[in-house]
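One chain, chain A, links the two complexes that follow: it is found with chain B in the first and with chain C in the second.
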Partner chain A sequence: MEAISHAGTVLGVLAKDGVVLAAEKKVTGKLLDLSGAKEGGYGGSGEKIFLLNSNVISGVAGITADANSLVNYARTAAQRHLFSYDEDIPVEQLAQRLCDLKQGYTQYGGLRPFGVSLLYAGYDVHYQFQLYHSDPSGNYSGWKATCIGANNGTAQSLLKQEYKDDISVEDAIGLAVRVMGKTMDSTTLGSEKLEFAVLTLDKSTKQPHARIYKPAEVDALLAEHGLGKKEEDAEMKAA
Partner chain B sequence: MSIMEYNGGSVVAMVGKNCVAIASDLRLGNQALNVATFDKIFPVTDRIYIGLSGLATDVSTLRERFRFRVNMYTIKEEREIEPDTFAHLVSSTLYEKRFGPFFIEPVIAGISSPSRGSKPFIAAADLIGCLNFAKDFVVAGTASSELFGIAEGLWEPDLEPEDLFETISQTLLNAVDRDAFSGWGAVVHVITPDRVITRTLKGRMD
Partner chain C sequence: MECQFALTGKGYVIVASDTTAARSIVKMKDDEDKIKTLGPHMLMSYSGEPGDTVQFAEYIERNLRLHQIRYHHPLRPSSAASWIRRQLADSLRSRSPYAVNLLVGGYDIATSEPHLYWIDYLGTMAHIPFAAQGYGSYFALSLLDRYHNPEASLEEGLETLRRCISEVEKRLIVGLGKFKVKVVDRNGTREIEL
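And now, the complex of A and B:
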């Protein structure tokens, strides 16, 4: 729990036509090699936001190694369900599988629990868009908007004030970006510190479509909401 | 009779110029009795198709197993699997059941990704995973002997997609007409770097 309260913030917002996840990265720096993330793959740096299945994305906060292990378990669990039932795993069931695993580590074995809290953002045909939160005890609950990691109290109260039922996914994106801007240090808000993802329904195929933003897309999003890094040098040149 | 002949069915794949084609019959039988139309070729990615001949229940199960493993690969590697990598995945999946095998003879056809040169690729395996990387054509199923003979006669290198379609169609149709356990219609997929064209053939429904 201690590790989680010091980990990078992850917040999720549920909209009527999508779910949004935003996360603050803690592992940053000039020497970090992000070339893989820039072009190929699903975007994101693979530190905070992960694709679990075609219909579920998740944000993690806590001990990264434990998080990677849980994400791997979740991906396998989702595929096992697909294998047996030929359908995408319902979001709550995926949360339950992970929570059953986490709870086992609190009751049996003499092993330490997983030091990770997760937010699951997903879609299924039964309950449409959903957002769940689980913690190391194996407890989970459904949310309209929630936050884990550092400064989660501040972010949670900000979300409580500004969240309205039936918001659209565009408004949810704006809300997530603004709340992240307030909980993080805004002058350094940029794609190196922020991971962003949206899960919506593809209009033509009616299938869930997850999009983890690439660094360039994160910068564009921040610029759109007026929260991009201030280019001091450029301003000097203009003057 | 052999368990591999219980349901019947045959698959063939051929290499052309910057394209591959894979074709199969559509018969599902219960020994001599015709039961249903059963497609045995499945897309693995946009550019890779796998045809599974042999026992029908194993065809369905293996198709789902490969989907599981390819999904895990795609999510973890964050890229699509290459045809030759997939062929090795097929081989190891089958060898896992070395002493209680799936009664399947898979045929794989695909084109590698643009970053690897968009090269045509075909392969076949036996029921315990021995791979065969042919450069011309591969065959499997109850009409495999007939397919070997006709393909050997009709195939030539560097066929364009339309010509490859004609060649593989004639190979399949005439081979299954000589085999009691294959037939009941046919389907052909021609895979090129930018699209896949699927055609259903009219064949003897006996």
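And now, the complex of A and C:
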């Protein structure tokens, strides 16, 4: 729990036509090789936001190695379900599987629990768009908007004030970006520190479609909401 | 000697089965129910090796009920059929496979569509508008090819079913007696007097 409260913030917002996840990366720096993130198939730098299945994405906060292990377990569980039932695993069931695993580590074997909190953002035919949060105890609950990691209290109250039922996914994106801007440690937002993902329904196929933004797309999104870094030359010129 | 039919129509699936329980030349029972209700909107008829049939059918019924209790919603027809097929496919390569053939009919509440699946003891599955298991298939399938209408009303569907049953009564060497007919639609499952 301690490790999680120091980890990079992850927030999720549920809209009527989609779900949004935004996360602050802690592992950054000039020497970091991000070429995989720019072209990678499933998107993301592999630090905060992961694709669990075609209908579920997840943001993690806590011990990264534990998180990787849980993400792998979740991916296997989702495929096992697909193998038996020939359908995408319902979001709540996936959250339950992970939570059953996490709970086991609090009761049996004398092993230490997974030091990870996760946000699950997904879609299924039963309950449409959903957002769940689970913690190391194996407890989970469904949310309209929530936050984990550092500054989650501040972010949570900001979300509580500004969230409205039936918001559109575009408004949810705006809300997520604004709240991240207010809670993140750094002074300005940029693609090296921010990871962003949206899950919507493809208009023609009516199938869930997950999109983890590439760094260039994150910068474009921030510019659109007027929160990106300004060009340094431009500032100098203005002065 | 068992005979089962099923057909889909506008917003419903009809599943029908003979009601004879016989061993060799003796007819033990003429009111056997060979159609299990797997959920609020799903039916499954079964036939095959005596003993295996009821054992497998009850195993499926109880597991699907557990799923519904655990996860607060019943499995959709397509997912249930895939799971059932997987059970038969796994059983095939075990020490003693289940020799059971099924017709699984259900109404998918999420998409408001009726669905029908033909599954045999090898784990073969076919998603089709009408189906038959047993000797009855030799007589009924051609009739269904000619007279089946996927947009038919329940009355029309039952009329088509009557055609199939009278053909079997006329041409099958063994008299099968009464047929049990059940329907599943948006309102649930119910039995129908033909």
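The rule is simple: the second predicted complex is superposed on the first by the 234 of 239 C-alpha atoms of A that agree within 3 Å, B and C clash if a C-alpha of one lies under 4 Å from a C-alpha of the other, contacts with A are read in each partner's own complex, and residues count from 1 in each chain.
To be clear about the criterion, contacts are C-beta pairs under 8 Å (C-beta built on N, C-alpha and C of every residue); 3 or more make two chains touch, one makes a residue touch a chain.
Predicted model, so just to flag it, every value in this text is computed and none were measured.
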First, second, both or neither for A:Asp86, with chain B first and chain C second: both
Which superposed partner A:Gly104 touches (first chain B, second chain C, both, neither): neither
If touched residues of chain A are counted for chain B and for chain C, the larger one: B
Which superposed partner A:Thr76 touches (first chain B, second chain C, both, neither): first
Which superposed partner A:Gly153 touches (first chain B, second chain C, both, neither): neither
Where chain A meets both chain C and chain B, residue numbers: 83, 86
Footprint of chain A on chain C - complex, ascending: 71, 73, 75-76, 78-80, 82-83, 86, 110-111
Complex contact set, residues of chain A against chain C: 83-87, 90, 92-93, 125-126
Chain B contact footprint on chain A (complex, rising order): 40-42, 51-53, 72, 75-76, 79-80, 82-83, 86
Chain B to chain A touching residues, read off their complex: 64-65, 67-68, 71-72, 75-76, 78-79
